[in-house]
Every structure is written in C-alpha cells, then in structure tokens.
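Same chain, two partners: subunit A is paired with subunit B first, then with subunit C.
Showing the complex of A and B:
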C-alpha cells in the first residue's frame, strides 16, 4: 500500500491568525493527506522537532505577522542541523512578492498568497511528494 | 391575488440565472419583498426614529447631519518615532481620530528582547515596551484634542495606564481623555487568539478597568466588544452578530456581579464590527445589532439610563475579502463595504488599503483609503438623510431575520453554560472554523465567486509598491529598552511590581498599581509576567 503523505501545518511565532492554517489543514485532510496541526505560538525549534518526530514529508508554515524573513530561514537552518533537509518547506500568508523570491533562494519550495484555491496547494503537494 | 403569490408566479424559478440566491452567509433571499413579508412589523416597536428606543435607525437623533462619522485609520509600525510620523501625516490629510496598531510582542505583553519576539518587533504594528515609547508615540499630539483607539487586549490595562500618564505629562487630567481600548478578551479565546491568562482572571482585569474608568476616566470607552475578528476568522454575519452580542452581555453580567451599577459602566461599552462583501446583509446586521442590544439592556438588565441602551460602534472593512490578485480591485471592494457601514450608521470607520494582502500599507495606499471615506461623506449625498434604507421591505425583513436567529444562538450558548463554558468546550472555535472551511469549499466549487480568484482570474505579474520595515528597527528598539532599564530607578520598579503582585493576590483593583509601575518605567513584559505568576497562562484546545 502506498504510504500516505504527511504534512505538518505550523504557526510559528506570536501571530494568532489561524484561519488560513486551519482551512488548509482541513482541506489537506479531506484530500487524504495526514495532517498534524501544531496550534498557535510555536517556536521554530518545536516545529522542527515535531516534524521529525512525526516523520512528515512537508512542513507548511502560515505567517501573517511580517516575521517571515526571520522564521522561514530559521526553520530551514534547523532542518539542516538535524539532517532533515528532505522535509520540504512551503508556506503562506502576508508575504510581498520580492520576499518570495528571496525565500525561494533560501530553500523554501513554494509560497501561496491570499486567495489561493486549496486545490492548488493539494495538487502541488501531491506532485512533489510521490 | 396577494402580492406574495403574484411575485411567486412572476418570478418562476425557470427564469432565474442560478438555482440559489442567498447572502454570503447563506441566508436565503427571495426574488422580491413586499409588506406581506413583514406581517408583524410595527413602526414604533421595531423601527421608531433615530435616537429613540430600540435605536434600529441609529443611536443619535441627527446622525450624520449633525456630525460625520470619525474617520479613523488603524495604523502602527516600526518604532514609536516611525508611527508618530505616520499619525501626523494622517491628521494632516483630514483623519479625525487615531487608532494604534501594536506589534505582536506588545499584543502579547512581551518585551522586544523576549526570545519569542525575534523577527516580530515593529512588524505588524508599533513596538511599545515602556512609557518612554508611549511618550514618543504621542509627541506633539495633544491628547485632549484627539481621541485614540488602542487595539490591545491582554495588556489593555497597561497601555491605558501609559496613556493616562502621557496625558498627565502633557498637563491633561484623565477625565478629559477620550478614546477606546479593545479589552475584549472573550473574542480572543474565540477568534483572534491573543491571550495571556485564562478567562476568569482576564474577566477580573476587565471588571477592574470598568470600575476604575467609571470613577477616573469617565469619557473612555472601556471595552470595544468586537465582532470584527470573529468575522475575519471565518464566521458568517449571523455568527459575528450573535457571538459579539453574547460576549457583550457576558461583560455586563460580570460587571453587575462585581457590584458595579450597570448604568455607570454600560454607557462606556462600545462595539466593533466588520463590513464584509454582502451589502444588504451587512446593513441589516448593524441595524439588528442596535435593536438587540437596546432590548437586552432594557429588558434583561433593567438599565434605566438611555445611554446604557445605545450600541455605538466602529467598523472596519473586511481584510479577509481582499485579494493578492489584481490588488487595485481592493479599492472598489473597500468602497462598497465602507458604504454599507455608513448606511448602517457606524460611529467611526477604518477603510483597508489595497496593498494589505502583501504588507502594511504605503502612505499612498492609505491616502486612497481615507479618500474613499471622504468621497462617501462629501460627494455621494448618502449622509444627507438618516437611515435611508429604513422601511425597505427587504432590509427590514433581513434585520428581523438576523435578530430572530441571534436569539436562537443565545439559547444554544445558554444551554452550553454561558460564553466562558462554551469557549472551554470549543463551541465558538468550531463554529467559526467550520464556516471558514465551508466558505472556502464554496469558492473552490465556484458556488460563490471572488473576482480575480475563481472568476475573471488572469495570469499576471503583480507590480505593487509595498511598505518595508527596516531590519534595524528591532535592534534599535532593543537598544532603547536597554537604555530605559539602565536609567530608571530599579529599586522603585521592583517595589511597584511587588505592590501589583499583592493586589493581584488580595483582589484590590489593579489599575492604580499598574499606573504606579508605568510611572517607574516598568516594562510591559515585567508587568505581565508579574500577573502571570498569580493568574497562570491559557492553553488553547486545538480544533480544526
């Protein structure tokens, strides 16, 4: 039997906007993906630790606070430190175009901006995790 | 043949362009409305004149013919200096009130040097650590001439205390200060998710503020009971209305339970609603809200002062309705939403800027947003008469329906043991996230439309200027904080924090102790940590 894709949906930092994270988590779940939702106010360390423990394929981060240029690189750095670079990092939130380019260079696989249909996210994950 | 039958015959389903017509919140809409749709409608009982019970048509007799709504843009970013400059810009361009946006560390009562603050300082609001920052924030802005709204919840008491002390330093006594603190913790547990302490101690802090302000800062709005965040988190219009009012009634209950006179604190409660996309549903929501509040305050709580019956409210257009795609369309969305708020009789209004799905707004984008309000005020003629939609068969029907359905939600909440018990059970959180998901599914299936997202979408390279918060902000803020800590009298800070801790233990009103801490330049983090030791911290139930 094919192993189910596992995704950790994480809310790093102090940002309390969880509508997007929850909607994406529910949509992924309904698309047959195993979802672990961390809840709010997680540190980068606790997200990486949970991702490794739960053996996920993808970490999806939701950041609407403007702290994306600090939190994404921190999480990617921690994954490298733990030899867990095979876990893909994607994200969404209030993120300007020019930062998206920079985040891709740092190793973030994909950023989805507000208004993205959930189907696009599901398709993307199913395509990259085979 | 009655009008109703006539209509049903004429508007045969086969002639219609789609199967279901409903509001964005899924309330069914008939093809046409007539007197027969509102058979029990009584002018004096349900509508009456503006400024008359049950205030359906507006809280004041002359509404915008007397004075326009306050144009109040929510803003704050970077350091106190950066934001002070933006405030002066907004005031110069005709804004009539201030509204402070704080950064996340401030919202959570943490100092800029707290490890969890990393990357967040000054990002989505202004960073405030001590009285020093607040002095800079309001430098050159006379606090007796301007009213200030502060979106702050768990540390509301501390920020209000700082405002009071800044006022004193400008030579303005607390009784002359006008403004609002949000201070609405119930909706934090339900929707906005900015919390420190568990619900019960939070309610104690709130009632302390109610008591203190009714004696000392009588013109201050002590709670801004907010539906905005409930709606933005994904609720329907009905849920926004029902949950917000249920929260409001809970504050009144707690105030009375704490021994306060309802007619002393209720007149200073104010409200805050969303203005979403569905034009008439929003207008009906505001009208129903005023009527329900008046009825509950008079009938349930026996408030005698007519000012206790008044629902005064601020409105903000719906951030969640804005799209990253074709961002200029956001200007138009915001204009329709602002118009709904004005037709609904709002007391103050914030219009969102077109670039807010990317970042905090640029000066240019904010100016367009302010101009949008000015266009409504000075060009459309809409404010020339009061409640122009009063008596519309449709709007009255929708208003009645929302009122009736709100009472049904009140009953549900009552069965769950009241608002706090329903929060513990995850009731609101579940209701809101289910509605959010349902709406997203409807978009994905194209049962509902969002321009640029699932209809009239196009491949485009968005070229939009965005506001940048320089990296140095965080570092500079930490330096300022460090400097304050070395210059203040640390023994006195310690002493004032000890008094605060004692008051938390023995039930004394916390406000005077917090003011004392603020005067000694205790940090926000130090004050909140002191209370955390007594009150504990909240942990959310995880629901999606």
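Showing the complex of A and C:
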C-alpha cells in the first residue's frame, strides 16, 4: 500500500482564531492526507506528545498571536529531547519577514504567510515526504 | 523486530512506529512476534451515531480507569473520504486532558475504505497496544448508523451511546445497534427528550431477543460533566465478570482467532489465485464466453477451484 502522509495541524498558545488552521486541515484532507486536528489552545508539550503518538510526518502550526519566536523553538527543542526530530515542523500565520529566516535557522522547515494558496502547502508537503 | 523490548516497556515512540508499520502492512512479521505478549488487555468499544459524545465518553471513562493505576490505550477511528482518500481525525480534541498522561496512549485511525465502523487494521493495532502492556484498550468507532457493527467483534464490552435526538423506539427496535450493545447509555441526558428515550429503550429492551442471557443495562450520562460515568465503569466491570464466569470471554476470543485465521487464509488464496492460477486475460476470455451464454459462472468457479487443488493444472 502506498504510504499515507499524516500531518498534525495544531494551534499552540492562546490565540483563538482557528479559521486558518481549519482551512488548511480541510485542504490537506482533500489532497488525500490524514490530518490529525488537535484544536485550539494547545501547549507545546501536548502537541509534541500527540505528534509522537500519532506518528505524523509533519507538524503544521498556526500562530497568529505573535508568540512564534517562543513556540516554534520550544516545539523543535521538545522533538529533539524525545528523539523525534525527524518529524518536520512547518507553520503559518502572521509572521514578519525578518523572523522567518531566524525560524529556518532554528530548524523550522517552512513558513507560509497569509495569502499562500493551499495548493502550495500541499505541494510542499508531498515533495518533502516521500 | 529489533525494538521488541522497547515495545514491551511501552516506549511511546516505539509503540507509535510499530502501529504505523502494522497499519501500512510494511512489516508482516511484527504481529507474529508480539502475539505471545498479548492477551492481557480488556477491550471496551464505544459506538453510536455522530455527535453522541463518544470521544468525550472515552475521555471520561479513561480518567476513571486511570484512578486504579491502570494503563490505557485508546484507538479513535474517524472516516476516510472515499473521494480523496484523506481524512480529518478530530477525536483527540475531546481528549486533551489525557494527552500528557504517562499511562495513556492515544492513536487516531482513518477507516481507509473499511465500512464496518472501524479500520481493517484496528484489531491488529489493538494487539500492538496489548503487547505494550495496556490494561484497557478503549476503541471508539466512527459515527455509526445501523449496520456498522465490527466493534462488537473486536471488543469484549460494547457500549452504545445514544442521545435524546437519536430517534424513537422503532429506530431502536430495528436490528443493529442495540443487538450488539452490552451497555446502552443515553448521553447528554440533561437535554429534552431523554426521559422519553429512556422509556422507549426500556420498551425495546422488553422486546429483546430472550436467547441472549445478558440483560444490558440502560444508563443516563452527561459525559462533559462526569455524570453517570462511575456507574458506567462499574457496569463495564460487571459485564467483564459475567463474560469470564459464563466462559463467553474465552469462547469469543477463540471465535475471533478462528475468524482471523480464515481471513488470512482467504487473503493468501485470493492473492495466489490472481497471481498463479488464473490471469486477468484468461478470466476475461471466460467472462466473454459467459456473456455469450456459452459457459456459466458456476461451472467456471468449479473448474478454477479444481485447478487450485491440482496445484495449478486444469483437468482434462
């Protein structure tokens, strides 16, 4: 059987706007991906634990609160701690240009800013997960 | 399997990756290797229509069981889209307060084309959790209607969750859901209509198939507020005692092994048939003959079966 791609879509932190995350989750679903949707107000710890138990290929985070410079590195650090750094981390949200480079250096694989067509995200995931 | 010891020690990454291998059938030897380490876990199924609160119930039941210092595996099944092959697995949302518990392992599964309310591999995934030392395995089906009853086969105790909106007694008397119930609950019982549903379920209970010795209890719960959950857990425990005492526990598990063995043999035979006994082009010729009424499906099946028995050679 062809391997199914599994992606966790989650919202860490305190912002309560999940429309974007849901749009992406639905688009991934329609692209044949198994999406584990964990909902709002997740801690970094619970996202990493869920990603491990669900054995996902990718964690997709939606962050609109401005806390991205704290949340992304924390999740990457936790993945390393738990020997699960092979799980890729990508994200989207209101993230300024100058932070994106820094996040890439920290190990975030890709950031999609507002306006990105969902097709671009799907294409990216299918390309990196073989 | 190189990480067997880690799996037996319930290392979470190892459990997760073993499940993936089983789910994708990438390693067929795993189940053979772990089998001797299984048989300890008690399987509880939660089924019911969409929105009846199955995930919330699983969460509430798990929390009660954890108080006895038990290890709990949860398998939550959601549907795969028959159009895209994708799935949105959202049961974890209701189980967030268990997410970080050391003694809990939660796995979401997509049905991947299976129509019985579970995924084809759910039973095998449960086996992995069993080997990892889980005392209880809670299995939540997709939202079901009337015929998705695989759960009763996989689980020792099946809980059917209904809500006041579920319909009248005629719905309940149709075959299906209530026939597989070991415990029936009316969840969201603070809503209007729960007393009427209770009355109708009791009526349906009076008309049940009397050959079945176990009298399924009907309980009211409000899972979000933990109301009725203690009673539910004690009913699960009494059902377990009943199964063991009446030897149905053993009988049912043996039946399941028998089904599994036949299922695997059939799978192998089907594969062998296609690969070695009758090719698609040979079959197409026979289909053409059948279409012209020069042969018939019954005769063809007998001949192919004979060929199978003769080790691949047709008679005559």
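As a convention for this text, the second predicted complex is superposed on the first by the 130 of 130 C-alpha atoms of A that agree within 3 Å, B and C clash if a C-alpha of one lies under 4 Å from a C-alpha of the other, contacts with A are read in each partner's own complex, and residues count from 1 in each chain.
The rule is short, and it goes like this: contacts are C-beta pairs under 8 Å (C-beta built on N, C-alpha and C of every residue); 3 or more make two chains touch, one makes a residue touch a chain.
All figures in this text were calculated on a predicted structure; none of them were measured in a lab.
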item	value
Partner chain(s) touched by A:84 [first = subunit B, second = subunit C, both, neither]	second
Subunit B versus subunit C as contact partner of A:25, first or second or both or neither	both
Contacts of A:95 with subunit B and subunit C, given as first, second, both or neither	first
First, second, both or neither for A:39, with subunit B first and subunit C second	both
Touching partner for A:130 - first (subunit B), second (subunit C), both, neither	neither
Which of subunit B and subunit C A:52 touches, first, second, both or neither	second
Subunit B versus subunit C as contact partner of A:105, first or second or both or neither	neither
Residues of subunit A contacting subunit B in one complex and subunit C in the other	25-26, 37, 39, 43
Subunit C residues touching subunit A - in the complex, by the definition given at the top	12-13, 15-17, 19-20, 24-26, 80-81, 84-90, 92-93, 96, 99-100, 105-108, 110, 112
Of subunit A, residues touching subunit B in the complex	13-19, 21-23, 25-27, 37, 39-41, 43, 64-67, 69-71, 74, 94-98, 113-115, 117-119
Complex contacts: residues of subunit B adjacent to subunit A	104-105, 107-108, 110, 115-120, 123-124, 192-194, 232-234, 320, 322-325, 356-360, 433, 436-437, 440, 443-444, 450, 452-454, 462, 464, 466, 469, 540, 542-544
Residue ranges of subunit A in contact with subunit C within the complex	1, 3-4, 25-26, 28-39, 42-43, 45-46, 49-50, 52-55, 82-84
